[in-house]
Every structure is written in structure tokens, then in C-alpha cells.
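Let me begin by presenting the structure, written as C-alpha cells, before commenting on it.
Chain lettering (A, B, C, D, E, F, G and H) follows the sequence in which the chains are written, and residue indices restart at 1 in each chain.
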Amino acid sequence: MAKVLMKGNEAIGAAAIKAGCRFFFGYPITPQNELPEYMSRELPKVGGTFLQAESEVAAINMVYGAAGAGARVMTSSSSPGISLKAEGISYIAGAELPCLIVNIVRGGPGLGGIQPAQSDYFLATKAAGHGDFRLVVLAPASIQEMTDLVMESFDIADQYRNPVMVIGDGMLGQMMEPVELREPKKRDLPAKDWATTGTAGRNYRNVINSLALDPAELEKHNLKLQAKYREIEKNEVKYEVYNCDNPDIIAVAYGTTSRIVKNVIGKCKEEGINVGLIRPISLWPFPYDVINEYADRTKAFLSVEMSTGQMIDDIKIGANGKKPVYFYGRTGGMVPEPDGIMAEIKKILGGAK
Amino acid sequence: MAKVLMKGNEAIGAAAIKAGCRFFFGYPITPQNELPEYMSRELPKVGGTFLQAESEVAAINMVYGAAGAGARVMTSSSSPGISLKAEGISYIAGAELPCLIVNIVRGGPGLGGIQPAQSDYFLATKAAGHGDFRLVVLAPASIQEMTDLVMESFDIADQYRNPVMVIGDGMLGQMMEPVELREPKKRDLPAKDWATTGTAGRNYRNVINSLALDPAELEKHNLKLQAKYREIEKNEVKYEVYNCDNPDIIAVAYGTTSRIVKNVIGKCKEEGINVGLIRPISLWPFPYDVINEYADRTKAFLSVEMSTGQMIDDIKIGANGKKPVYFYGRTGGMVPEPDGIMAEIKKILGGAK
Amino acid sequence: MAEQVFKRTKGLTERPFHYCPGCTHGIIHRLVAEVLEELGVLEKSVGVAPVGCSVLAYDYFNCDMHEASHGRAPAVATGIKRVLPDRVVFTYQGDGDLASIGTAEIVHAAMRGEKFTTIFVNNAIYGMTGGQMAPTTLVGQKATTAPYGRQKDHAGNPIRMSEMLSTLDGAAFIERVSVNSPANIRKAKKAIKKAFEVQLEGKGFSMVEVLSTCPTNWGMTPKEAIKWLEDNMIPYYPLGNFKSPEEVK
Amino acid sequence: MAEQVFKRTKGLTERPFHYCPGCTHGIIHRLVAEVLEELGVLEKSVGVAPVGCSVLAYDYFNCDMHEASHGRAPAVATGIKRVLPDRVVFTYQGDGDLASIGTAEIVHAAMRGEKFTTIFVNNAIYGMTGGQMAPTTLVGQKATTAPYGRQKDHAGNPIRMSEMLSTLDGAAFIERVSVNSPANIRKAKKAIKKAFEVQLEGKGFSMVEVLSTCPTNWGMTPKEAIKWLEDNMIPYYPLGNFKSPEEVK
Amino acid sequence: MLNEQIIMAGFGGQGVMSMGQLLAYAGMLEGKDVSWLPSYGPEMRGGTANCSVIVSDTPVGSPIVTEATAVIAMNRPSLDKFEPVLKTDGLLLINSSLIDRKANRNDVKVLEIPANEIANELGSGKVANMVVLGAYLEASKALKIDSVMEALKKVFGPSKEHLLPTNKAALERGAEIAKNLK
Amino acid sequence: MLNEQIIMAGFGGQGVMSMGQLLAYAGMLEGKDVSWLPSYGPEMRGGTANCSVIVSDTPVGSPIVTEATAVIAMNRPSLDKFEPVLKTDGLLLINSSLIDRKANRNDVKVLEIPANEIANELGSGKVANMVVLGAYLEASKALKIDSVMEALKKVFGPSKEHLLPTNKAALERGAEIAKNLK
Amino acid sequence: MAKVKGKVTFKEELCKGCELCTTVCPVNIVKMAEDRINVKGYHPATVYEMEKCIACGNCATICPDTVIEVEREKEDK
Amino acid sequence: MAKVKGKVTFKEELCKGCELCTTVCPVNIVKMAEDRINVKGYHPATVYEMEKCIACGNCATICPDTVIEVEREKEDK
């Protein structure tokens, strides 16, 4: 397929449809509206269904129902709307249903603003709801990667029977870049023989459920989930290591922020400072081992985020005290500027040299 | 006041009323129902208002309104209900309003079960909603401490204009112990001159709000919040250090789990193993420094949780690679048994000696 | 020759109900199950269980089941039905579930005319969690969160969901029934059957509100509970049909 | 001697509205502000702003204001009014806010008979977010999430909130008005005044639904929008009083 | 040093929970550290109920009793469930009115009390729990009957004061039996 | 090596956004790496609009333009806001039809284009953006007019094909002016 | 008219002793068996004078726990 | 009856040129000032033949942006 120029939000929709997603339930919120709008236009053309739900709570529960019925289904929202989906996400994870949840993050807390942010890192990776569960969280840095990851996310979800979140920021949702929709590498996907499609043709009932009143049973279920998470941690860690052969410092950044860091790397080179970049692509599972390994080759890490510092916790856990972890961030919809990052790097290296 | 024997959930109510809380908005959910029930009985007697909301979402927004109007107000729920409050909590934190949120945690994810758990640690300490914000999170280990902390929590909330979460588990909510309601140490509390009580008598309007469409303004607001959080981190870290003079290993546990660990400490002594305990009382701000300091005196840490391992992340950050951090936990409503913990300790020390 | 006039329906699994003695949830379960069997749709049915005493409904109905989050059964059912338009989908919900936390979801499913059937069990209380006030609790009725009885000035008059939902065009069939006597139980079954037929004919949203008892949390014997329902609930919640496909615009 | 027959009310701050040219939000703001001024309650009023185009209402009403989360203004207002029963509390909400995400909150505030006033601005679309379908969007009307026009089979007929809420006993006063002409604007103001009076008399929940335009997202000039409202909205959303205190049981 | 770890179990309506609370209350009145922990959940509805009580001279660690110093079994399922939890030399009280089997353990001290019969003799089937409690107090010497009576007085309040004598009699009859069985 | 970092700004309705998209599209057709980033938010409603376009021989890093190689200002507020962002020796295109001031910077190359006048001459006020774009293409030599035309053809589709000639004329007139101003 | 004779069977182990069936029998023959307790701990419902049963099905209709099945014995045919 | 005379003032800088006021004037004197643009970028509404104004207030009533104030000049008194 030839490349086309697409808006991030629309590219997500195109990729999802290409991946066989035929159901979208959502509720409007800036800055992701182009995605539901695209779906409302395009899904009917392929026999799919777009339904605007009465709220985010309803939307995630529609996804819960549709996923239980065996469909490839997705929803999307932005920060406050994702908060509202927290209970439903926990149910979907508990019931082990596959689906895609897109979060085009905006500045918070509360109503906040509508400009790009990365302040839902904790929400996405640690606590998208109550209880012990995990979402696979994928953070693309370009529209091309976004479409690749969206398409793969449906396979990952189906393979592990687990919800996947693709996380972007308002910038990534709004910008246009050339994309080519390309199939992900083929996975062996299990049949959805657990789906509630009616018992006709089978001699057992299917029940979608997250309740276990007996704590021993609920613990067993949790241990099963944990075993699955260990499996995902083994198989699905994704990251990019860039210019890390001999770095003075390694910046860690994801999404659009990582692109700004790449600019900084170029600028720093001009001044003889060698900055590396580790870019987590899967925020969960987080590439702890990669951080740990590169801790031996750098003087320090710098977490660059559009937040007041959330991923830094994971970097610290990965670095495990081997090297100091610094932070530079902008928040509330402000975007880190190369100069600011560079100044921070110089400050750190001045101190760390 | 003489001691009385009280159920944990009711003791929370009694303490809140003693602390001047006159408004309670909530929605039923096991295992915290005795608290709203107590409030529905007792609040009218002191001229207060108990209102059962139509949902947790409505309840937290009623709290939002009442707190904005200047009242001492609280709500309570258990895990799935707290998930539903996520958006509202983020608004309250964003608008800097004081209130108390009680979470009597139960097994998850999803509907899960109703037996005690600690699997909302992440939710409480990292991401009770979207955006960069923090709740003060207090985790009592006894009914007496629960009443002390509940009373203090209203002062903390008022002092910093920040929501506070008191977190317990089903066990703490259901059990009875002797309590004495005692005033916390007096704090200088600022006047609530920001409350929306009508402009009569002042020449400015009060506006409760968390929106800032201009990202520069929103960043400024966030930096103000962060400055406040640094202040709280400086002033409000609470913890207990127990038997840590010369430990072979230090267990880190909070809430009822810490009491089980205390039993284990006794048992281990009998076998010549010296186990220390660091008990975070404030889960946020977390006593990172204490962990770091004691890392120099122990061979290892063991995080004991009623979850699959959440607080362990903070212990690792605190230990900063100085000593290994192990984990022992039960989940889904199962409670760690002393024997299990002991066996784990022996296994670790066998390896670590 | 003996003829079976009443035998256990295949619409139910073998699992004994966990409900309290005399709780009419059991009757309502049976009626729904019988209707599914009689309409011959068991194999193509997907039921949605609520959060409430009937949360374990997924153990009882002999068809595929989906356990929803509290109040959101209509959204879950919407998701299922949109994916599987030729299956029979129903929700089974209590009054806390449907009339309190789930108000938005039931209103909008009805507005959209979602083609599923809702069995709404109104027992004027929160059973599962121990007798807290429901939006349907009667004025003066005591509940664990209304220890002095529901007061109109404080909590308003109870909500009549059938009447309210009947104002929506998408609601094709709405009827309120009661299971307090064999005669009313038979009427209830007819209404439930009709509701499923409306679904099968694709006419829109259908709901049967069933007045039900909660002896445990009302603090009564099952017999007293039936009488209390007759004396107090039926007068406030009049039985009858509120909407039929003929009236659908 | 000159007499001022129309001057800017003290109920509004000096801040110019951010609304689009011809958007009738501005008219409705002014009416509410005038009523507050005329009733002499500005100093004891607390308004609740929604999430929607009127989110910045807190900048305009010259009284204390609280910006709610999307759809939850009635819950926020409940919290305020319960704390301050002698203040005048109102919510100002759009149709996405009130009739979609906030359905449960408005229904239950009305059921409880909460003593505040709701100004419900029905413009049949989501303005703030760029013209998505609202529950009040008319059948056939295009929206960015209904690019082929709202279809009854897919999304149902639009919801009539005034009619639905009127079934609730706690709703003391409900009226639908429109701001398409000077005459109707004057009627709208009367209704708004009445609604606040009902609150002041402690009679229960009061709401005025105001049919409003959104030229921007309807893709029309302001003049065309007024005409479209008259030709399409008023026939489906009949103007008039649906509930008055006399009828309150 | 006192460190009583008691599990009490029976079916709903046998007053197992209030018996435990009373014991904890009495312990508190005697200046002990105490805790009372109920099992909770839907299984309680019409089903079985149990609680753990700790009465101790030192601060109570975990409120969960994993090795009981005493088990009070008011019905058969309770005996089956909790007999194994009793520690060696612990005290096993069996309500022989409703339990048709003997104890399996022989490393513990067993007291069989026909609690319902005695309660009926006293004219109130409801005080069967107090009979067993009396037996427990006598056999364990943990707390004084007077303290339990004082606790009961506070719990009952003036409106139910007339019930005190029967309860006292029940406690004493239980104690008597325990003394005789020694 | 090509690395154009352009900011285009004006008020809503001036076609600033589509001009940016067209440029990015043309860049893609010429095999360049490109990105287009709009400003978004409520301030856009009836207010100002701007977008950043990057056209580069190497992969695009950050899509945000913080040091522009070119700024196209279609109205006065845009000039005020973005003139300072232009780097030394950068290209400043001013729509002199609507902007009543001169450039303040003298370390950059300035092109004043009476875009609206020219567009009106061409019979369609709407192509003012194409006039400026043509000027930019000529002055920067970044991409070929033909590529933009090809992009336009794809964007318009057959239904709007009749608009192509006017657009082409606009691009060419713009280019001509730029050439003459050199 | 041929007199209808009925037969009622109780799955006693399912009975919760709610007594609802005893209130709806037109010939008043459904009683609680005070002499025995089932596995659930309840006195189960039963019928002592089965010959009076007219197979109306009322007891089964109101039983919440599907304890009761009813057969009709057709006299002739 | 004394003829009522009115006077309308426009806070031109607030006007958004929506033209609604022009549609409701009974004497049809409210017009858009095509000759000028205000700070917001719109042709503002105005009245050229003020003497015809009857002070009905319609224009001010429908103006969404509180641009218009109206005075009535009482002829006598």
C-alpha cells in the first residue's frame, strides 16, 4: 500500500478497521474526537457499528459486552474520560477480555486543559482501576508507529485475553504524517471459544465474569492473571535504544517527547555532548532490564516527560541505584523545549562529571 | 473519654463527627456499609446531613460541591466504588478542596470479592485519577489509630487544601477494638475564604475550578500543586519502626498486614531470627528516606502485602539498590498467614546469609 | 395417565438458588427461564446478570451469561446485542442497579430502542449489601441507611421507573407486574413472554418491572413480606401495562 | 428625561462572552443574570457551571461559581445546597451534559426534590467538542459523529428531558422555552424567574429547558440557525409548562 | 501472662457474634488488650457465623486467630471447621445439645455442654451462648463473670435490664458445669 | 540537505491549515519526510489558526517547530506572534493585503505579498493562501509547484477538478512575485 | 365432569421452609413437616392428604426454589 | 398619546456581527455597519436613523453579547 498523509486520530481508526475491528463505542472528548468521528463515517461502510454511548462509563461497559460476545472492539477517550472508565477497565481485565482502549492524554488534573500531556503514565501502567491487574500499554512516537501498534494491539489482546491501551498525547492525535498500513507479524491466536454467543452448537455454557466470593478462588484467579503477566513481560517488552553506544547521559522518554529528545541529541552532538535515548515503547511491560543494562554504560539517566515525573519511578526501579536518575518535565499541556532539556543536561553533566 | 469497643467502620464515623465532619455522601458497598449506616443514624443527631447518593460518581461530586461550599465533608467506599470516583477525585485535587475519602479495600479486580485486600495501593498512592496530583494516603493498623488518623485527616485536608484518603481493608472495617476518641495536636488552619458561600460580605467572587485552557496557566497551577506536595512530603511522613535495631531482615508492611508481621517477629525471635518492621503509616508521602536509611542496617527487605506486590515498587525506590527487596503476598481476599511469611523469611535468609 | 402440569424448566441449571427463604427472586428467575424455554430461544440467549442479590444469576440461567458491573447491564447488553443482533439478549436487574446507579444506562438503552429485554426486580431495598435505602424505598419505610424511615423532604418520593421510561419513544413494551400470588405470577409470566416477543419482533426496548419481596432486609417472614408488598408497594407502584408496541410511534 | 429601558445587568461580570457569533448561550446567560439581580439574590447565589461551551460561565455570572465535572452539576449543586440551604443554587447545563452523561444525576436530583434550579440549554448538539451527536439531536440531523444524519433505528428518537423529568414528584417546576424571538425571550425570562421563585419558596426542584442555537456546529448563519430552531426543534420539543407547584403532590 | 485466642462459631441466630463482643468488652473492662474479628460476607446470611476474640495482657498483634487457645463450637459444621485450628492443650467447648459427635482431638481439653437444654431449663433458649461463655470463663480463668455482667449491663442499657438475671444464671450454670467436669 | 521548518498562521477561514497539509503532502510525494502539526483548541473557533510543517531529507524528529526556517503570516496577530520564532536568515512571508506593518527583524529575508489582492484578481479570494504558498516554494526552492499541484489533485478528487487551474495560477503568480522580489 | 386428581412431589432438600406454598393451596393441604429438618436446616413443606389435591399448581407457582412438581392424573381416557 | 422616542447605544467592540438584532427591529433601522470592522474583526451593528427608534428593546433582547442598551426619551413631563 502506498503511503498516505493522515491525522493521528484518524490513522488509529484506519489501522483498527484494517485489523478487523468492527465495533467502536465512545464518548466525545478533546483531543481525540477525530477518531470517533472517523469511525462513525467509516465503520458503517465495512458493516461495522459505531455507537456514541451516553457516557464513558457506558462506553466501556458496551466494550465489555461486545468483547464478551467475541468481537474485535475498541474505545477511546482522553484523561478525564479514562478515569471514568476505571471500574469498567478493571472488570474487563478481571474477566480477561481482549479489547483496545486508546487514551489521547491531555493536561490535568480535573478538567485541566486540552493540550498534550503525559500525566496519565501512572494511571495507564499502575492503576487503570482497582485491584491487581495490568494493561499492556503501548506508546507510539509517530503516526506510522501508532498504526503499527494499533494493529498489533488487537492481536496482543486476543493472544493474552487482556485489554491493551495505546497511549498518545494531543499532539500525536492531531498531527499528520505519512503512513502505510502494514500487517503485524502473524501470531497464532486462540479461538474465542469462551465468548457468549449462545450455547447453540456447544455443550457448555459460557459465562463472562469477574466475581469470586470465595477468596481462595479469587486468589487462584489472581495468580493465573499474574502468571499471564509474567508471560507478557517475557514476550512483549518493546523499546528503542538510540545513540547509546557511549553516552554521557541517557535520556529516557516515550511518545512525542522522545522525538524532542532526538532533536536535542543532534544539538548536543554539535557541542560535543553525547546523549543517548532509551525509548520505552511498551510502558507496561516496562523495559526495566534495558535500563539496568545501560546503567553500566552511562553516568546518569534523565527522565523527560510531559508530566511532573511519573515514569521516573520505573527508571529508578530499573536503574536500581547504579546511577542517578534525574528529571526534566513540563506539564499542564506545555511541551518540553529542546533548549530546556539541553540546559538540564548540561547542569547534570556539570555536576556528574 | 473512656475507651469504648467499636467496630472499625463505625469508629471512623464517630471520629469524623468528633472532628466536626457534618456531611457524608456515599453509596453502599461491602465491606464498608456500617460506616454510612452509622452516619445515617448519627449525623442527624448533631444537625448534620447524611445523603445516600445515586452512585459513587454522584457521591464524590456531592462531596466536591459541599467541600467547595466550605463544609467538612467525607465519603467512603470500597475498591470498585473508588474506581468510579477517580474522575471526581482528580477534580477535587485539581480544585484544591479538602475532604476525606475512605477506602475499605476488597479483593479485585473487577467485581472481585468482598474479603480484605490491599490491592488498591497503586490506585491510592499513584493514580486515584488522571493527571499529576496526589492524595495524602493514611493507612492505620488498629481501630485506635484509625480514629486518630481520621480526626487528623480533616486537619491535614484543611491545612493543605488537599483531599486525604484513609485506607483500610475489610478486616479493619469489620473488627472491634477499644478506642478512645482523642483530639489530634492542634494545627493552625487557614480560613476558608475561598469557599462558595455567596459574595455577601466580601468584595470578590469565589470560583471553584480545575480548568485552565491556557497551558502556561495550567502548568503554573501544577507547579503550585507540586510545591504543596513537596511541603507535605516534608511535614507529613508517618511511619513506625519496630524492632529494627539489629535486624537480619526488615519486613515492610502497612495496615492489618503489619500486625501479622508483628506476630511473625515474635515467632522468629523464638527461632533466633531477628526480623524488623517498617510500617508506613502515610503511604503517600511514602517514607522513602526511612527505607533508605535502614537499608544500611539490614540484609534485605521483605514487602508483605495483601496484593500481588504494589508497595514493593516504593520500597525498591527507597532502598535504591542498596539491598535486595523481596516480596510475600496473598491476594483476592486471602490473608497472609504467619507461617507463610516465616517460611519466606527463612528462604531469603538462607539465600542471603 | 399422569400429565406433568408443573415441572422444573430446562431454562434453569441444576444449581439451587442461594436466595433467602421466601425471596421472590427465585420465582422471577423461574418465569424468565420458562419463557426462554417455551419460546425455544435458550440456545441463542445471552443473559446479563447485575450486581445485587441476583449477581449469581449467571449460575442459574441455562444459557450464556455475562456478569455486568453495577448498574451497567443495559450498556453491556447493548454491546452484546450490537455484535449479535440475531441473539436474544436480556438483563436482569435490581432496583439499586437499575434505578439508582444505572439510571443513565437504562434511560439511554430505552431511548435508543435497544432490542433487548430487561427484567427489573423492584424490591424497594438494597438486598445484597444489607438493606440500604433504594430509590424505590417507600416513604416511611426503614432501611439501614434510612434508620428513621425514608423522608420525603430528605430523599424525595420514590421513583417510578416504568412510568418514567414510558415517556421514551424507544421503549416499545413496558409493564409492571407482581409475584405476590399465583394469579399475579401467571400474569407476570405473560408479560415477560410478551416482552421477549417484542424483542424477537425487533420492535425496540422491552422491560417488565416485577414487584418483589426481600423478607430478610424488610425484617419480615416471607408471608408477612408478601402481605407488605400487597398493602404498600402495589398502591404506590400500580400494576399494569404502560407501553405496548401499538403505541410506538 | 431619558429612561433606561435596557441596560446591562449587574448579574453579569464585565467579561465579554467567548461564545460564537449569534450563539444564544449569551441570551440565556443574560436572562439568568437579570433574574438573579431582579430577585435581589445575587449576593447569596452560587452557580454551578457545566462542562460544555458554557464551561466558562464561571467567568460571567457575577456571583460565586463552582465548575462541575461533566454531567455532574446536579450532584455538585446538591452538595452545595445541602451545606447552604438558605443560599440560591443553580446549575447551567448543556444537553450533552444534562441529557447524556449526567442523566442519572439530573433524574435523582429531581426525584429527591433538591431545592435548586437548573437551566438546561438544549441546542441539539455537542458544541464545545465540535458538533457531535447529542441525545437531543433530531432524527436526520447531521453531526460529526452522525455523518449520515441521526438514524432512529440506530440511535433512537431524541430524548425529551422535560417530559421525562415531569413524571417525578420531586420536580416542582418544569417548563420548556425558546430564545428565538424577543417575545419568546421574554417568556423564557418569566419561566426562569418562576423557577427561581419556586426554589426560594422551597417547593422542590425546578428546571427551565431553553431551546438554543449552535450556528457553528449546525453549519449555519445565526439567522438561519434561529429559523432552523423554529422549523425543526420547536415542533419536536413543544414549548410550554410541564409542571407547576400546584401539581406537586 | 494472659493471651487468649478464641474462635466462636455457630449458625446465625445463636448469638455467637454478640458472645464474642461481650467477651471482648469484658476484657476491656478488666484492662486487657482485646480485639474482636467477625467473618463477614454473604455466606453469613442464614448460614454460619464465626468470630475471633483475643484477650491479652500485651498489645494485640494480628486480630486473626490462626492457632486458637479455645474454640467454642455451637453447631456441628463449626466443630468440623475449627477443631483442627485449636492448639495442643487448648480448650474445646462443644454445644452437645446440637452436636452429635465427640471431639476428634485428644491433645486438647474438651468440655461438652448441653447449652440449649440448660438454656431452656432457664426459660430462654436465647441464653445458650451465655451458658457456654460461662463454661469458658470458668475453664480458662481468663476473665471474671462479673466483668461480663458489667459489660452486659452496658450493652443492654436500662430498657433490657430485666434480662440480666437470666443471663447471669446462664453464665453461672455454665461455669458450674465446667467446674464439675474438671 | 533539505530541512524546512515552516510555521503558517492566520485566522480561521484563510486556509492556513489546508495550505500546510498541501505542503506536507507535496513533500511526501517528492519522497521527503514530512509532518504537519496544527494548533488546536477552543481558541481556534473564529480565532487564529496555525500549523507547523516540516519537510526534510532526514527523519522528522520533533514535529514542533521552535526555530522556523520560514514563517508565513496571513494576518497581523500571526506576524506579531511568530516573527520572533524565525531563525536568522529565515524566510518571512507577509500577506501585505491584510498586514499593515513591516517586518521588525532585519536578519531575515522578507517577502511581502499582496495575496488577497492577487487572489481577487484571479477571481477567487479563496486562493490567497496558494499565492503565498507559491511565493514560498519559489523563495525556498523546497519543493516543486508540480508536486503541490499533484497533491491538490488528490485532495480535490474529480468533483473539484475544475478548481485546479485557478489554484495553479495562484501558485504561479506567487512564485513570480517571489522571483521578482529577489 | 371427571374429577381431577393431582399429585405433588417435593424436592425436599431444596426447600427453605418459607411457607409460601402453604398460603396458596385452595384445598389447604400443603403443610410444613414439623417432624423433620432437611439438609439446609429447615422444616420442609409437604402434603399429607394427597388425595385432596386438585393439581391447580398454585404451590409450585409460588415456590421460589423450584421445590415442587405437580402431576395431573386424568381419570378417564 | 405622546410619541415614544428611543435611543439605542452599541458597545461596538463587543459586537460579533451575528445580525440577529437586524431581524427583530419593527421599524427596520438596525443595520450592519459595512464600512468598518471592530477589534474582534466583525462589521458591527448600528442604527443610522435613530429618530425612528420606538424603544421597543427588541434588538437588545435578542443580542447574545449584551452589545446594546436602550433608552426611552419621554416627550413630556
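Operating definition for what follows: contacts are C-beta pairs under 8 Å (C-beta built on N, C-alpha and C of every residue); 3 or more make two chains touch, one makes a residue touch a chain.
Since we're looking at a predicted model, the values are computed, not measured.
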Overlap of the chain C and chain D neighbour lists contains A, B
Just to be sure I understand: going only through chains that touch, what's the smallest number of steps from chain B to chain H? 2
Between C-G and A-D, flag the pair that has more C-beta pairs in contact. C-G
Which whole number of Å gives the spacing of the CA centres of chain B and chain C? 38
If you average the CA atoms of chain B and of chain G, how many Å lie between those two points? 55
Cα centroid separation between chain C and chain E, in whole Å? 43
Of all the residues in chain D, which ones touch at least 2 other chains? 20-21, 55, 67, 69, 100-101, 103-104, 107-108, 128, 135, 154-155
Which chain A residues touch at least two other chains? 30, 51, 54-55, 57, 80, 87, 91, 95, 110-111, 114-115, 209-211, 213
Residues within chain H bordering two or more other chains: none
Residues of chain C touching chain G in the complex: 1-8, 12, 16-17, 19-27, 30, 179, 181-182, 185-186, 215, 221-223, 226
With touch defined as at the start, can you tell me which chain D residues reach chain B in the complex? 13, 42-46, 48, 55-56, 58, 62-69, 72, 75-80, 82-84, 87, 104-105, 107-108
Sites on chain F touched by chain A in the complex: 21, 24-25, 28, 33-38, 40-42, 60-64, 66
Chain B residues within the chain D interface of the complex: 23, 25, 49, 51, 53-55, 57-59, 61-71, 73, 87-88, 91, 95, 196-200, 205-211
Which positions of chain D touch chain C when the two form their complex? 100-104, 107-108, 111-113, 135, 152-160, 163-164, 167-170, 249
